[in-house]
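Down below is the structure, laid out as structure tokens.
Order of writing sets the labels: A, B, C and D. Residues in every chain begin at 1.
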């Protein structure tokens, strides 16, 4: 059997495999180095970087739910300066595409992040988080208001040649509209979905499990919602879609590709197994072999919708 | 600097044994040569039971004992995860990640050690006690508080090794009637004429106990290493879920968060911002 | 210990317990009679009734997901006429409040349903399904368009004195806005949430698991989303809120009451255990006893939000 | 009229035994007096494993055997639910709901019976065979097709009771090389000179097999009771998830849906709208 071709191209970036890490679930990537070689990844998406360091929310920050978890980390990160000075040089030791997830509390903040980081060679592209539900003043408005979203994307597009991937919030009535707005604004790709807003209460103490009350739901519980949004969006836009939400296995990843995603991200699964990405990647490769698929791109959007025999 | 768990590994490992040793408390062993070789007192492992997604996240447990290539944990059945764990039998597979965390810093052999354990907190100090008893020339004392005498973990492994063991039970059925704090009050007079530099204390237990112990230690200006707990998702530093508040570097009124999984679980008691921790 | 008071009042109806069945998960209620006495229920919410009988969607109609399930039943039902003639008389044998869930494909259809059924004594109130994601032409527009929703509720309010409970769709950007619109239109209560739109693919055949491709996600997977929406809405409206989504146990029900729900519904749990409602009810009663709460109403909205010690 | 499962009950029941009798196929027994008293051939139970939410839904299994107060099922390990089931041991608790469904209609004792089983479909006809062998004066034949001879379920319970058993294996290692359809072709000549009113056939197996059998039966104008499968959530008629298409009452080109769980799982083959069922 000839070697299977697993390369895909997203927003002008050539990835050796469609499997990436999801932002915020793998730290800066370096935390994973004891478990596998980062060079095996399609791309490393680092945790959300803001202009200034952020301390994050008070604990408790996480709680488990059925088939999922809620988090309200509050986008804790070391800030752009430290990221560029300390983290980026170490990431450049690996042969993997580095996508920097960015978040701002205003259009200007996003702009400065893109301006500054576009100058650094180790940054291969941006994933713009417009949807994190944990920060009141922050991304939430961009991610749920179609006009603001388009304006933001247009604003960033003018500032960088580097690939610009917009990560959409699922907490909207019409995800297709949001996707089209991002595309119209000049996005090179879309990642969906970010977490779904949820909450949990400790019935004994009558307190919310999270200090911020509301947090973001992730994990296999949300997979059906993520898959539906990827399918709906992939049919309506021309730019590539990166699917994320509840992927634990190679088969899960394959479902997203079949639905129309060009690549996938693995998030919460890393909390069960630091090498979850690799497990997903290898599972996907076994699937391709089993089905004698030579090129992973043949899977993309290959959903079978033959009219059901019943009208 | 966070400790990266360089020796850590994630593997599917078969259960060797799993026994309920006192009501509701289980001792489980698995064969894990790499883990056994690398584990230090105070470190922990993350355990999950494949392939179910419920519970989805792994659960943290202290390394209770290392015996050749066997690693043991001691756990209390409290919820869904430990419920499933308690049903596991020889040969069943577990996913084990570890060893994780920093572990206790072992003192100079000439230092007198006081080890405080509350309830299942004993699980986190047992392996430490074994190491101390091997290394220390100065005496080692265990202050062990439990709610009911039925919970007291049998301690064959610690017997006849020169360990001074003092027990407190809230029901008063064994040892002193009271808590570990009461034991501490009656133990300290014997040690407090020693210079504090020659005493090291170690503690693990419920938050209320640790809070009280921290108060005492502070009053005496005594060093204390505490093994802390918090809700964890990953256990190896990527989720940021497990932070607890510490006094800021410059301004001790400012709070900074540190991760229990990689920067702990063992911390110097006086650095923790106790006021900001919810019960 | 004195007997615990579990009565609550919803939209003018006095319920002996806050626990009801969720529409579409207990058929017409009669299917449950081999398992427990319907008179024990706070209320029985029957499956969605339309003007004409509906055959429902082609199979496959259901598929399991992590901690949940997708359904695309397509609102199969016997139609209003048969419901009134055959089912209603049999339900009247039980001493329980009967709430009829209704669905229409136009404002007029909803109107006719309310007109006709308001005349029948066995109908104690209506739950208006404006959100079922399974029918293309149907409720979806009402449930996601604030203006249309308010207009529909106003239209129905003019036609009936009977309690009018509006069941909201979670597939919206701003659930609080939808809730306020329903309240403004004259609703007596709100039920939330209906299912979340999702999909699932069989990676082997590359076919969607459901014949309709997209279906509604229910079960414990969606509990955090339901609880968050109940909490957000209960603070902003004066009418009572009925919480539904992933309730399996008494503690789950208690979480919804603490978040602000006046009553709860049990849905998917009935597929695991036909007496799930009773299990939830008894679990809730044990909770009240354990916490020495004499009156279940003391729980409602009793969430503890003391400022966290960290600012 | 849907059959309401009046005798049905949902209960937590301990497993008595659970053995892998041929590779990948397990036989499980539980003590369930009410279920044992009420169950008829062709009925089924819904099983779930508390307390996990994954899998969330119960799984349907035919009543394989009733022995005093014991009820047995025979199942193939195919996915997560049957995977968990296969790991259960004596004393573990299962939630059992049943008996559910209509079951097979037993023919007049003078009627010749042909029972067709494909693969694990054997589980649904075993209990029927036992009943038939007890009641019928006319001969009963079992046509049993499996992929590999290794899957053949040992049939001590059916031995020496006058049952004619014919086996087909796709690997040809035992019995006829081929499928149950091939057995049917060579069996029918012996029976087709009987008036069709004096033959009743029963079948359970993969969809492709049932489809083919239905075609044959239709050609011969022979009655056939098929035990059908479909994806189920509840098993007792409330979710509407399990429907399959039937020919309309008035216009056979119109489709109507019927629930496999309460209106089936046994249906007259000729009423099913085979064209509308996806593979």
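The rule is short, and it goes like this: contacts are C-beta pairs under 8 Å (C-beta built on N, C-alpha and C of every residue); 3 or more make two chains touch, one makes a residue touch a chain.
Being a predicted model, the structure only gives us computed values, none of them experimental.
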Chains contacting each of chain A and chain D, listed by label: B, C
Number of hops, chain B to chain D, where each hop joins two touching chains: 1
Most distant chain from chain D by Cα centroid: B
Whole-Å gap separating chain A and chain C, where each centre is the average of the chain's CA atoms: 33
Distance from chain D to chain C - Cα centre to Cα centre, in angstrom: 36
Separation of chain B from chain C, taking each centre as the mean of its C-alpha atoms, in whole Å: 46
Set of chain D residues in contact with two or more other chains: 53-54, 245, 255, 276, 278
Chain C residues counted as touching two or more neighbouring chains: 58, 66-68, 219-220, 308, 310
Graph class of chain-chain contacts, one of line, ring, star, complete, other: complete
Chain A-facing residues of chain C, complex: 58, 65-68, 70, 144, 171-174, 196-201, 203, 205-208, 211, 213-214, 217, 219-225, 227-228, 231, 246, 251, 254-255, 258-259, 287, 302-305, 308, 310
List of chain C residues in touch with chain D within their complex: 25-27, 30-35, 55-56, 58-64, 66-69, 71, 73, 76, 219-220, 248, 268, 270-275
Residue ranges of chain B touching chain C (in the complex, touch as defined): 53-54, 245, 255, 275-278
Chain D residues touching chain B - in the complex, by the definition given at the top: 51-54, 80, 83-84, 87, 89, 92
Chain B-facing residues of chain C, complex: 66-67, 308-310
